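What follows is a set of structures for review.
Each of the next two complexes has subunit A plus one more chain, namely subunit B in the first and subunit C in the second.
Entry: the complex of A and B
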């Protein structure tokens, strides 16, 4: 397989958080964005973080990515410090905004991580071509980002996140700015891509169906302070095809997550 | 309108305006009796044909003054903007100075600088052009260096990019269009400032001096011939900047 990930001993979890907390500000103005988070994500596992705005799900992802430092607890990524994991490129990352460089073509954007890490030109060009193909943008390889739709830009960002064959993908609402139809198509594509790469995924979202469709496990968070209130296993198996969205298991899990989010059974079945 | 028609119109329209302006000039200058305050277009062209060497020499001096001023001002502005973008404290320190330079009256400063560097030196004039060019380049480059989006900065951090890599692949390319906006404004300002500086003293050469001398000594047509040369210099500066911008814009990224 061309898209296999770097080798990792199976026993080492992708992410291990023990009592992790993050406080912004000091004293009277202090805000606990994340508090007392215990979370272990196995290698190859797809975990969604879900919760209302301000529940700390993005902050938790930024801590794992070492874009912010935790103020409490210990955090390990593949058994190492997040900083080492970041510098060693153990993870690939995609944000809500694609964050592409507008003066670069699609393949040049995808190749950016490889270029920064000194991969020779021929090698990174070939890999960027493969990745453009993987996300269905082979015909747009030389286009600039402003010539692409929002969904296509986000696919470039995902291809870029996969460039270093990471064992862990961090995604912060990558489909948040897309319309519902594009969004469902992107979810199916992401499920396919992740199945091929075998990478672990931390997926931040506030869409319940999206979390259920994609994940092996949904982690429910609540705000003030941001903490984990429930975890829901998703019994949908490894293959995630479009038909799953119509299955009773899917609906049952969606309800289960919704109840966990609201803290009590919800009677309004027609509410999405 | 078809694309071809639009393209033709874009070329024809300014030419029509130009022809109309010359016609208006001709109509005004031809009907003023014997006072001849305004020379006719024919008289001005006659002067250009009769004294190309004089006009060319003055043009050359002004061009060099403006060019040195533009280069000096732009280089200092880029360097200082780089430091100011990097260290907030430098930005705070130089901000009032830049504001002061932006409003400094060139007309008042010129005689002082001419006296400082001596009546035979062009450096005072070049310094005036540099001061004028400095401000728009500094302001635009500093702004441009801060235009990289937080998500792009996060991405480079997540990729473990070094400070140098982030600068060369994100901060700098983001700032380039802003640099050229500044240079476009600065190129015209440098020419105007060099002209004005020549007008107010220093060595007895350059277009500014020529225009002042001929206008005062009743050689209006020759003065106007020099004005036209000045306009050409300003336009050439502007167009060359635009041309370089186009070439660079096409070449990014590496």
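Entry: the complex of A and C
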């Protein structure tokens, strides 16, 4: 089966942000949601954005997705403007809510982006079947969203994000609404899927173990104004299996991210 | 069993109305009840209970029996003429509903697209419904005649259809506006992330999402169109339909009290057909009426 992504020149980073800022409102009411963000994400790299509520991690993701425009700095996605990248379908996106269209079946939801871009019926049906299979929903292909559990809906959303074979996946707390067990299973599945597709990922979360388990690099942000305060490399290798969660490296990195997040020794951070 | 229950209650409801009618006719005072009447002055005082005689309140079975009789030698049986009139009124109502649907959805589309248009137009749409139909109908009829004189064919029934559409477009415009604005921010963002333009967002998201709002609006619009058609027929004097028939037969009510109930039943039937057609449409579109399950 074909799950490869579009070809990308090796040296071009998936995301390059220099001094990016976003201010909402004007004058006295102005709020700096994001300020002075410098960030480069290599092609195929998995990067998590982590931080407390209001630290601008979702805003930063929306800027990359061209759902909002930055008010300062320059932002490039695969060397072009975010707008061009959006129109060229360089990225796939998934949110905390699955956001499936309730009147469409599983495969119709997955095929929606392809349908909008004029992919012929037979081709998009085949692709949607493959993706439904990839996320383990082949038996539910004709079900409607209201007949699926939350985890299944989220898997459909991920399959839909992969429909255009994007080189970049943008995910805003995609597992935030799921229970802990479903969540861990989904993380393992996402790790497997991303390994197969080779896409770069920007993953917004406020779960430290989730960020560490999935990422090559964890970017820690803090609020008012939203900015990057630390970056933690995750030395867990390319293969992410369940067993990693019990490894000393995993715990060490979790502690490291937690310290960076709270700007304090581990002992105090553990009180929470 | 579950599915039959609403029907059972519906039949019980209709029977209850018949029972109340007959019960009052049986037990109520023969001369009704009039408050503050002045002796020897006909029509004075305030009537709060109607007379129960056969002239004022014919038996329900007499009303139905009358449907099976003709209007004198050589005329068709009553139910046949009622059905013929019903066909005309139903057709006019349907055309009125279609005009109302087109106008209502068009207004909703421009209001949804441009906020400023909504601010500008919506108050006028609301005000339009406060104009009484009987004041408005002759104006439409006169405009129709003028257009007809100018050389563009404008039959009388078209004026009635326009009057019907005047009542029908209002709930449709309001319902469609709410429906078009109903998609959540996440869905709008998603379509934007796919680079979908206004037309695609409309076809793939806004129109399907507005079905649950459009169907009840359409049911209101359909029944309003029937009322508009009947009243419109009366006020511009269009022959052939139920509206004129009700007025004509009411004039013979003193001699034949059960007679005018024929076309009244006809009007009820048109309303039921209108509401039933929308319900049928709802069955066809049932996939668009699913609420999205929350995780």
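In this text, the second predicted complex is superposed on the first by the 266 of 272 C-alpha atoms of A that agree within 3 Å, B and C clash if a C-alpha of one lies under 4 Å from a C-alpha of the other, contacts with A are read in each partner's own complex, and residues count from 1 in each chain.
Methods note: a residue touches a chain if its C-beta (ideal position, glycine included) is under 8 Å from a C-beta of that chain, and two chains touch if they have at least 3 such contacts.
Just so it is clear, the model here is predicted, and its values are computed rather than measured.
When both complexes are overlaid on chain A, the residue A:15 reaches neither subunit B nor subunit C.
In the superposition on chain A, contact is made by A:145 with subunit C only, not with subunit B. Contacts of A:108 after superposition: subunit B is touched, whereas subunit C is not reached. Judged by the number of subunit A residues each one touches, C leads among subunit B and subunit C. Contacts of A:60 after superposition: neither subunit B nor subunit C is touched.
Shared-chain residue A:93: touches subunit B and subunit C both. Of the residues of subunit A, those at positions 65-67, 86-87, 89, 91, 93, 95, 97, 99, 101, 103, 112-113, 115-117 touch subunit B in one of the two structures and subunit C in the other. If you check the complex, the residues on subunit A that touch subunit C are 65-67, 86-87, 89, 91, 93, 95, 97-103, 112-113, 115-117, 144-151, 153-154, 177-178.
Remark: subunit C residues 184, 186-187, 189-196, 200, 204-205, 208, 211, 287-288, 290-295 touch subunit A in the complex. Those residues of subunit A lying in contact with subunit B across their complex are 65-67, 86-89, 91, 93, 95-97, 99, 101, 103-104, 108, 112-113, 115-117, 170. Across the complex, subunit A is touched by residues 149, 151-152, 154-161, 165, 169-170, 173, 252-253 of subunit B.
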